[in-house]
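Paired with subunit B in one complex and with subunit C in the other, subunit A is shared by the two complexes that follow.
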Partner chain A sequence: MSIDKKRTPYLLLAPAVLTLLVTIGYPIGYNLYISLFDWRMLESTTPINFVGLDNYVNFFRNPDMLHSFFITIEYTILGVALEFFLGLILALILFEKTRGFKVFRLLLLVPIMATPLVIGLIWKLMWHAEFGIINYFLSFFGQSKTAWLAHPNTAFIAIVIVEVWKYTSFIFLIIYAGLQVLPSDPYEAATIDGATYWNKLFRITLPLIRGPMLVAVVFRMIFTFRVFDQIYALTRGGPSDATMVMSLLIYREGFAQWRPGSGAAMSVILIMITLFFALLLIKAIYKKSEL
Partner chain B sequence: MKKALFFALVGILVSVFGFTTGQQMKQERPVTIQWITHPVIYAVTGEGELFKEFTAETGINVEVTTFPVATLSEKIPAEFIAHSDTYDVIEFNTAYWTADMAKFVEDLEEWHEKDPLPDGGLSDFPAGMVRQFRVPQIDSGKMCGLPHRMGVDILFYRQDLFNQAGITPPIGATSLETYYQAAKKLTQDTNGDGQTDIYGCIYQGASDETGSQDWYGWACPFGARILVPPDWNKAGFNNEAGLNALKYRRKMYAEGIVSEGVLSWRHVDVREVMAQGLAALSILYGPYWAQMEDPAKSKVVGKMAYGVPPRDPDIEEAHFVRGWSLFLNKYSTKKQAAWQFMKFLTSKQAEIYQSVNHGNPPTRYSVFRSGEYNSKVPTADAEAGTMKYGTIQPNHPEMSKIHSILSKNLSAAISGEIMPEKALEDAEQQINALVQN
Partner chain C sequence: MEKLSGSIFKSHLFKTHLSSIGRTIIICVPTIITIFPFYWMLIISLKVHKDALTIPPKFIFTPTISNYITVLIKMDFLRGILNSIIICSITIVISVFIGILAAYSISRFRFIGRQTILYSMLFTRVFPPISMVIPYYLTIRSIGLYDTYLCMVLAYLSMNIPLVTWLIKSYIDSLPKEIEHCAMVDGCSRLRTIISITLPLIAPGIVATAIFSLFVSWNNFVFPLILSSKRAKMLPLYIAEYVGETGIEWPSIMAASIIALIPVIVFTYVVQHRLVQGISAGAVKG
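After this line comes the complex of A and B, so read on.
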């Protein structure tokens, strides 16, 4: 192979790599750098108090930060679990091409197309204790007014419901696409052997779409763990930090209280966790392709 | 080669032409300054109607950018830190202004000396209001802000409901117990469906600075202080006044005298509930009267009355002044024009326009005393009566974190998660650790 042919791929890749280094690499590197400082931005525009790993250690010692971490874990697990079950059921129902399935399929895409911030603002009005439409409809069933966003427990449930409402269709889409490409032979053979719908579902369909299900779940876990917009619009992390997910805490630390060092350390921890989920996804995809 | 030279020459000619035209256009273009503020404040200028006179006289155009309070609290420090010259005149709020930001703004007293404020100058502004934005907060401190929309929290109450119930409103030198009793009597289920239709009281209880400021409006008149003046290096709210204010808020919440929604409500929600006729009493920022008396936005037009909120008669500095001031960005490239605009916006005539037509609280003695203001603004007497007992708030660099700690604990106590005593103790401990380090 000539020297030019050896160099050419690298030369062609160079602009893209440079762009990635500037737009992604540099911010990540700088973020890591400032995470080693106790930086009060209003006092100085450059980081001045080097503290090493203290910001990381403080994360695990600070009860507010740990609380935020566990809230985020709970939110992610609950939200994604509900999205998965609902998305799977919807995909299976619509795959049977029931009457009106095309309209339902289209309607299911509407939540995912809307901006998270706008969704948050609309749902905030819907959850309003005095003027909200949800309380209005619940009153027909004899339910008294609930201040959904005012109590820690109900506020948490409210944000999970919004999350599920918005992103169930994402899981539905991926699983539905997976169902579209299933081979028909196993089903024909199963029918001949007298298998019922449930036999086919648990013995053929679910095992065959394991890959897409896993991809959908892990994708959602990555993005749900980093949620910000809709919770900011709904509750800003309240009441009493009951919905203070990590992204919101990072934002508050970095941009409301102007301590970017501490915020940067938390964001690095958040990146590590989402990287872990991403590695799970890669492993799942590799395992699928090996099969 | 010849072709390349030709194109190079054309390129140079086009660049030179473009540059000189641009420079000429720049010289001919009138001066335009950028003002960043809150939408409500822009609204009190008649959505810019007021500026037409200013632009006609001075040739200075004013472009306005508005953001909600929470966004301003983040955007303005970001602009300062970036040494940005995007905005020339900056409007900022007592809740978010801290002494740390003094280095990013001009000393307005120096500007006043070179080019004095009209209509009586600085002496026409209450010294306390000006002191709020001085660093340090003494009369000789650097004057960072020019008061533009400053007021006090006053009592808003439904006169019609008080008349119906035959009780007197809890005005002035009275106690929170009287306030509570009045609110309790006025809480009503008007249609017998078992649901409260009119709450006796309403307040902001969101677990952020709006909630802690609102609680402070109940606690300060009885002797609580977020930080103890003049050094602001110690919490001063864990006392009988602070505890009482918290206990009454918790009691009203538990007894359904306030809506359960208060724990997520900020000023927009509280104003809306009051204007929709769902609450009988509140202690609110004075300028909010404009929404109550606006037929397009309110169901209680003509039914509201305003008074001095409850306070301990032995406390002279009882009601904290809060609001917005104008700041001159140190990095602005149009400071002269910006100062002209600031002088105009806070002149006597402009303040009368803003207060009489749009409910903006004035910041000049001459406007407070003017017949026009007193005859047309329903809160004039209440504001004057409350301002007599006015005091400043701290502008400590850690105010944002202080409010965050305080509001979280207050919210937890109101909802019943923790006892009020523990809430204030925990908040005091954390805040003292913060301000003493």
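After this line comes the complex of A and C, so read on.
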């Protein structure tokens, strides 16, 4: 009985662990391995050369790759910050009873779940210089036609707007859910002491929902940092690399330049960043021995 | 946990000097912005070719389903739909089965290495698919699995098993252990207890989990883009390839996009109450 009991949990876990070892463990190992080689698949005569950490060093030396790295950071910080502020404000306003909230909530959920590629395509059309509805709306304000996705600066703004449009409701929903389970005692005490709305907001509410806020932000950062589909549909990294985020660069390196070694090094860097955020998430969610 | 959303509590919390109607008006603004692109997509997909992209746009027109017919018949799109359904279904069945076993183990047993398993599950839950594709591509090319259902399912399992395990774990966690103990004291084996007590009780949760698993595979674009070209080609790749073909056929693309979004919208409606938990599985406790 006792031996059996000790084995059972491991046996139950075995299929999941084995599948994940094959589907995730193996690619991590393979990435680490080929990231040490200079491998140019298009030049079939060149042998595969062992170059040590050159691919990693090159990533931080090559201006294009470094540019992509910083673009991704900029995109993530800007996108998540906007999502956070809009989502927070919306959650705080709507927290009180709102007529028809359930219908609105359902409608707000749709973009989060919608296929990112499809979202990229509809926005590509909406940003279009000639046929785009956005230029049409802006023409009422005397704005002349802009080819949003054709200029580096406006293209970057455009992809950030799509990101914020798609995921603000995610942050809104998590914070809203956090607000639902706040204790009422501190507010009663504060009201008796004559605290204003803003006092309560900054002294009680925000500190109390720090947990959900942190989780929502870190979680969004993980998924924003690896963005691929929307931008692939919108700009494919252009114009002149203005929207070439890291995922698109990995794709280009691996499947357009056919240099898997360099692409694998970037994959490893992306994995490390994800791992860092995942550890942050664990710290944010689990205190001490709560698991 | 009892939700403290009584009226006394709320009145203490936020006296924003806004009436309920005022808030409704405020929420209308983001909602309209949110819904507009979908509305626009639908409108364009229903217009005849020459009207579709005119500026200023025609808001009044006779709708036509000709774009949908074009997409479904001419463009081999049905095959994409079928592939998507088959690959997603196989993935869901396997990952729910494997996920239930793993989740039960994590939730009900305390064993050495449990913490490590939990942390790795969280890490794999947020693992970036794009960083797997180079190893995947090189490997499946060399073992001849390129463009097969098998390689697509394997790739999707990597994303789905951690998600499913986290979700089902949270459902099992929410069941009191005593229910199972009673059954086992009455002479049920553990397996019997799981099948006849635990699983029926979390059945709604399992359905929701399967739907989230569907979202993950259905919406994924990175894997089809790199691991398939013809036989195992799924919906998003078909849509993406229309863009690349001679000139952009916007009305057809919009029709195809609407078709791809229909299950997403239907299932979002079905799981709306569990959505926060679902999309943040692994990040938000229970």
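The criterion applied here is as follows: the second predicted complex is superposed on the first by the 270 of 291 C-alpha atoms of A that agree within 3 Å, B and C clash if a C-alpha of one lies under 4 Å from a C-alpha of the other, contacts with A are read in each partner's own complex, and residues count from 1 in each chain.
One rule holds for everything that comes next: a contact is a pair of C-beta atoms (placed from the backbone, for glycine too) under 8 Å apart; a residue touches a chain by one contact, two chains touch by 3 or more.
No experiment lies behind these values; they were computed from the predicted model shown.
**Q** With both complexes superposed on chain A, which partner does A:R99 reach: first (subunit B), second (subunit C), both or neither?
**A** In the superposition, A:R99 contacts subunit C only.
**Q** Look at A:I122 in the shared chain and tell me whether it touches subunit B only, subunit C only, both, or neither; answer first, second, both or neither.
**A** The second partner, subunit C, only.
**Q** Answer with first, second, both or neither: which of subunit B and subunit C does A:F255 touch in the superposed model?
**A** In the superposition, A:F255 contacts both subunit B and subunit C.
**Q** Is A:L66 in contact with subunit B, with subunit C, with both, or with neither (first, second, both, neither)?
**A** Neither partner.
**Q** Going by the touch definition up top, name the partner, subunit B or subunit C, that contacts more of subunit A.
**A** Per-residue touch count on subunit A favours C.
**Q** With both complexes overlaid on chain A, does A:E130 touch subunit B (first), subunit C (second), both or neither?
**A** Touch partners of A:E130: subunit B and subunit C.
**Q** Where on subunit A do the contacts with subunit B and the contacts with subunit C coincide?
**A** 130-131, 255
**Q** Going by the contact rule set out above, which residues of subunit A touch subunit C in the complex?
**A** Interface residues on subunit A, with respect to subunit C: 6, 8-10, 12-13, 15-17, 19-20, 22-24, 26-27, 30-31, 34, 86, 90, 92-101, 104-119, 121-123, 125-126, 130-133, 135-136, 165, 168-170, 173-174, 177, 179-184, 187-188, 190-191, 197, 200-201, 205, 212, 215-216, 218-219, 222-223, 225-226, 228-229, 232-233, 247, 250-251, 254-255, 260, 263-264, 266-268, 270-271, 274-275, 277-278, 281-282, 285, 291.
**Q** If you look only at subunit B, which of its residues touch subunit A in the complex?
**A** 70, 73-74, 77-78, 80-81, 83, 98, 100-101, 194-195, 205-208, 259-265, 269, 272-273, 276, 278, 397, 400-401, 404, 408, 411-412, 415, 417
**Q** Would you pull the subunit A residues touching subunit B in the complex into a rising list?
**A** Counting only subunit A, the residues touching subunit B are 40-43, 45, 128-131, 144-147, 149-152, 155, 235-241, 252, 255-258.
**Q** Could you pull out which subunit C residues touch subunit A in their complex?
**A** Residue positions touching the partner: 1, 3-6, 8-10, 12-16, 18, 20-21, 23-24, 26-28, 30-31, 33-35, 37-38, 40-41, 44, 53-57, 98-99, 101-102, 104-106, 109, 111, 114-115, 117-120, 122-124, 126-139, 154-155, 157-158, 161-162, 165, 190, 215, 218-219, 221-222, 225-226, 236, 239-240, 243, 250, 253-254, 257, 260-261, 264-265, 267-269, 272, 275-276, 279-280, 282-285.
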